[in-house]
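Let me give you the structure first, and then I'll get to my questions.
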Amino acid sequence: MMETLMISLILIPLIAAAITFVLPVKWRGVCAFLAALVNFLIAVLLFRKETTIIFPWIGWGIDFALRLYHFSGFIILAVSFFSLLISLYSLEFLKNKSSARQFYGFFLLALSFVNGAVLANHLVTLLFFWEGLLLTIYGLIAIGGKQAFKTATKSFIIVGASDLCMMAGIILTGYIAKTLIIQDIHLGLDRLGSLAFILLIIGAIAKAGSMPFHTWIPDAAQDSPLPFMAFFPAALEKLLGIYFLTRITLDMFKLDSHNSLSVVLMAVGAITILLAVMMALVQKDYKRLLSYHAISQVGYMILGIGTCLPAGIIGGIFHMLNNAVYKCGLFLTAGTVEKQAGTTDLDQLGGLRSTMPVTFFCFLVTAASISGVPPFNGFFSKELIYDAALERGKIFYLAALIGSFFTAASFLKLGHAAFCDKPRREDKGIKEAPLSMLIPMIILALTCVFFGVFNRIPINDFIQPILGRASENHNFAGWPSSLPLVLITIAVLAAALIHHYAAAKIKGSGLKAADHIHHAPVLSAIYRWAEKKYFDPYELGVKLVNWIAGLLSGIDKSIDWFYDFFTVKAACGCSMIIRKAHAGYYIIYVVWALTGALLVTLFAIK
Amino acid sequence: MLINLILLFVLLSAAVWTVMTTRLIRSIVGLAFTSAVLAAVIYRLNSPLAAVFELSVCAGLIPVIFITTVSFTHRISKEELPVARKERLVRFRYLPFIIIAAGLVLSWCFKIPQFNLPAAGPKEDVRNIIWYLRHLDLLGQIVILLAGAFGVVVLFKEDK
Amino acid sequence: MTSLFIFAPFFLLVIINFPLGFLKGRCAFCLAASLLLAQVLLAAFHPWLFWSAYPDCLRQFFGFPLAVDNLALIMLFVIGIVALVSLLTAQDTLAGEKQKFNFINLLLVALIGMNATVLVTDIFSLYVFIEVTAMASFILIALEKGKFAIEGAFKYLMLSAIASVFMLTSVAFLLLTAGDISFAAVHHVLTNVPGSFFLKLAVGLFLCGLLIKSGVVPFHGWLPDAYSAAPSCVSVLLAGTVTKISGVYILLRLFSSVFTLTPALQNVLLFAGAISIVFAALAALTQDDFKRMLAYSSISQVGYIILALGCGTPLAFVGAVFHFFNHAIFKTLLFVNAASLEKRFGTTDINQLEGLGEKCPVTSVTSLVAMLSTAGIPPLSGFWSKLIIVMALFSKGRFIYAGTALIASIITLAYFLSLERRIFFNKGKPAPAAGGTATQISRGLNPAKNFSGIACAEILLAVFTIAGGLGYAFMLNTWFLPLKAIWH
Amino acid sequence: MSPDLAGLFSYFMIFIILLFICGAYCIAATFNMVRAMIGLELLIKAATLLIILAGYLCGRSALAQAIVITLIVIEIVVMVVAGGIILWAFRHNESIDPRKLSNLKG
């Protein structure tokens, strides 16, 4: 029974996806919603159950293995929860849009693949779903429009390259461990093991969208349909990437805090936090700003898990969950604004507080969450991460704290510009969004509050069992234990508030509150280069490849011409000779056949 | 033994004449005659039922089919006959020599490789074999006759 | 109830020929289609209870010496699919109720012949049913009685008759040395008296007959003529099953479980396979007629099967059957594409067909799938079977043959891609003022007809090709790898 | 194999081979489709004789007869169909010369 349910988690969205491609466009959304609903119900049923399933697949020791246990059950539940909300939201949002034709099919396909990847208990099974996901990402971005096609290719290449690393890692792991069943892999970090570990980690954090694999996310934010952004970079990819990262560091390899790789991981996290948040601060577009935050928040999670301390890991996983909740909510508010006001350019928005009060409320709660304001959920997970980071090194703590400051600053700017300033455009018709778009946002906002106030429930019930014995004697839930850290956090937030108001007063508008950072002497040059994508490894790579390709094609063409000329001439010549021989008289065929028969018989009796 | 040998000589000569003769009708009659001689040979080889079939069907029915076909197509006229005969002679004059040469060579140096015949079983009845052992072949015969009937429907009927 | 595979079409044949008017048209089509569908389903899901259940009272009549194993099931499946597709195509392409009815009758005869060929356990019965199949296909080729069709049918008939003389001679020698002609007896004698001259001669002669029937170079002369001259729906049947079952399948069956594959025979098969692959691929390269090119490609692909058979290992045998299956699917698909083009535009001359990608999207996409699969492009089914064949050749140390197989796939890709580019992806030239046919083509579709049957068949087969490629592991494990047990 | 059976077999074999040559020559050298069919008939006759001979030698005359009867039925049907095809070839070409049937080539 449980096995059937588990497989149906993969199959139901898959079949529904096939159905949506056949249904008339009008009914596709409903179909997707129903499938997501069924998926959610099954996930609830399966929560806290444990089972494994295995059946032969390709052969040569490659089987189709799935495993359900508390961690994957929890992730599945979260995934299905978000997919349900987003399918509900898209019903209204995508109405009458051209991208709705294919969106739901890819959406369900992605859901199926994510479920499969989370449940996979065999590295090749995992890889199969992982790569399938890559294709759906490509498809989901590419349906956005003409410009989107280029972005889709970019994301495909970046994620694909990291997936190649992961594939190499999987092969190496299988070679070392002599098995590909994830449950049975427990490796040390010797020389080969470290290499495999790094390769796998690259796959995981690239999926989560950490630096330096992040550059496609801001581009996609502008080009792809918005529900994709709320679904993928905001929620699913974080869940999946961090889930896999946790399994690598906890189960498959025993990473502990004495290992230098842990420091590397923390450094990646810290750098991601800082750089992405600096970029976010100066953005002038609602969606693009959010997308940089989607990157910077990954930094916190990686930092947390990289500490290898129970507090950090629990904080990291909790932050993953929280981030998915509030970032999804934020993207949905962006979508609502886009739908109702027609633009997400902050230069043209303003004064939405009065026309869209519910949206504003949701934005307020989720923005407070992401900035780490005390009673909301983001605060508690960040506190756990601060705690662990401080134990590992002051510099990491400092980085996280600065990140927190700029996060708060950028959201103050965003909220101020979009909702509180005077409207910059005379546009009377803006109304509150319809109910089916509001419900998901409200649910997400309430979840932020709920997970904050009653953080005992997610931490004790969902997350702590993952660590098992290591965290048994600790209690991470409730109010943070260290009062000085809390005070410092509150001080930083207050500083951000003061800074914002002071700057806004001087510049005269909320939008320009961060401009002095943008135009600071050294930073302005860096920002300019960043806008020109000098720091984007993909763009650099493309340039390099283009240059080499130009050189090579010159050499190649000459060789090519030579081959083309001779082989084609020779082949066509032979072809014409054979055709001439086939003259059409049956008697010739008889003679061929008899000659052949004579030879065959002679050979046979020899 | 001698009768067999004579029959085989007649069979071969009939076959050669069938191939060599100019008029198509004579050739067909030659074929019928060949079949009849073959039936006699088969009868001599302890196979009376097959001989009956060979005689009635191959010597009787098949020439009819051929003659029907030929009668639909055009006949060679009296004027063309000498030309055709000459032309044929050019192409077919080698046949008797080839046959005689091959026959001589074969009878000179043809040696059957020694091998063991399978042990002979008890005496069997043809009818038993046909009806009980080879009834699948019977089904095949029925189906192929059906196919032939469809062939007649498709190929011999004039379209309006 | 194995004999039902022979009797059900037989009874259907009798029923639809009752002199009742309403049975002739739509009804005959529906009955035949459902029969074929039933065969496909039975072969695919093969409930074992079905095969062994014999009511005692029927045993007397239905208890034929037939045998079913995995190989036979795969063949029955292929026959069912291809015949069904051919029937669908015929509904859209043949003109007139009478001709359609004749087609259904002859299709059923061919079906009886092929099913029986697959199931029999006796060499002479095998010959009988090969002849049944061949007879039905001669008449089918000549169905429309066009000038070219008659020519193709005559050539096929002559070569096929010569093949049957070879086989009859072989039957005589087998009878002489084995005293019986059932598979078991022949196999017994062949394993116990391996050196006998007449046995070797018999095997050699039968091999010659089968090579003619399967159209391997240099026995192939009739094949391109017959395929390209036959009505489209009949080419589908011929290319997909008739020549494959009555030639290639029997080779597979006999050399896997009846005859022994001596090293000399292995060399013969390997060589014949290799030259078929190369010669036919080269000949296809400059063809101007779509169907003729497909015919040559068919010879080339049969070469792969023969090559694998000649390799003589269980893995190679599995590869051969797998390729047989795949080839039946994608070559049928290509011939259905040809049928669609011929019916729409009245010609299969490549020079006259240009820029049709927009006018018939289904045909263009499905033909691309089939061509890529034929050339062995990775995710599609053709790739996997070729991979297995090449792997088997490598592991046996036949490097030259493996290399030949690989290089020939490049030629395959070359001619198919150039074809695809010319027919489908070129922008159509502006219509020349004078040329009658050309203007007719550029004017576009044959609007009076609908092509739902053809489109259905195309999509069905394309899905098979893609699914077979993606799920090759499943198919290989459940259907093909068990075949290793059949090999000796 | 006893000597007299071996003798019988060898001289029958010689005549059968000669019959094969005869039929093959007829098919190869003729310019007439009906004659090609006659050559084919001769080939089949030779095969028939060979089967009967084999049955006689190994003591399975009954089986050989059963085979030959089926064979004869098949032979007729082949000839009927061939006749139909020749008829149509004549209608198209006004001739039963197989050399006229060389439109399909290349």
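Brief remarks on what is shown
Order of writing sets the chain letters: A, B, C and D. Residues in each chain are counted from 1.
The rule is short, and it goes like this: contacts are C-beta pairs under 8 Å (C-beta built on N, C-alpha and C of every residue); 3 or more make two chains touch, one makes a residue touch a chain.
None of these values were measured; they are calculated from a predicted model.
Remark: among chain pairs C-D and B-D, B-D carries the greater number of C-beta contacts. Averaged C-alpha coordinates give centres for subunit C and subunit D that are 27 Å from one another.
Centroids built from CA atoms put subunit D at 6 Å from subunit B.
As a whole-number value, the distance joining the C-alpha centres of subunit A and subunit D reads 75 Å. Look at where the CA atoms of subunit B average out and do the same for subunit C: the two points lie 32 Å apart. Shared interface positions of subunit B, i.e. residues touching 2 or more other chains, are given as 115-118, 120-121, 134, 137, 140-141, 144, 147-148, 151, 154-155. The multi-chain contact residues of subunit C, meaning those touching 2 or more other chains, are 124, 128, 131, 135, 138-139, 142, 145, 154-155, 158, 162, 176, 179-180, 197, 224-225, 287. Looking at subunit A, one finds that residues 579, 582, 584, 586, 590, 594 touch two or more other chains. Every pair of chains meeting the contact definition is listed here: A-C, A-D, B-C, B-D, C-D. Contacts from subunit B toward subunit D in the complex involve residues 1, 4-5, 8, 11-12, 15-16, 18-19, 24, 27-28, 31, 34-35, 38, 41-42, 45-47, 49-50, 53-54, 57-58, 61-62, 65-66, 68-70, 72-74, 91-92, 94-95, 98-99, 102-103, 106-107, 110-112, 114-118, 120-121, 124-126, 128-130, 133-134, 137-138, 140-141, 144-145, 147-148, 151-152, 154-156.
Within the complex, the subunit C residues that touch subunit B are 6, 10, 13, 64-66, 102, 105-106, 109, 112-113, 116, 120, 122, 124-125, 128-129, 131-132, 135-136, 138-139, 142-143, 145, 176-180, 189, 193, 196-198. Subunit B makes touch with subunit C in their complex at residues 113, 115-121, 134-137, 139-141, 143-144, 146-148, 150-151, 153-155, 159. Within the complex formed with subunit D, the residues of subunit A that make contact are 579-580, 582-587, 590-591, 594.
Across the interface of their complex, subunit A is touched by residues 154-155, 158-159, 162, 166, 197, 200-201, 203-205, 207-208, 211-212, 218-222, 224-225, 262, 264-265, 267-268, 272, 279, 282-287, 411, 414, 473-474, 476-477 of subunit C.
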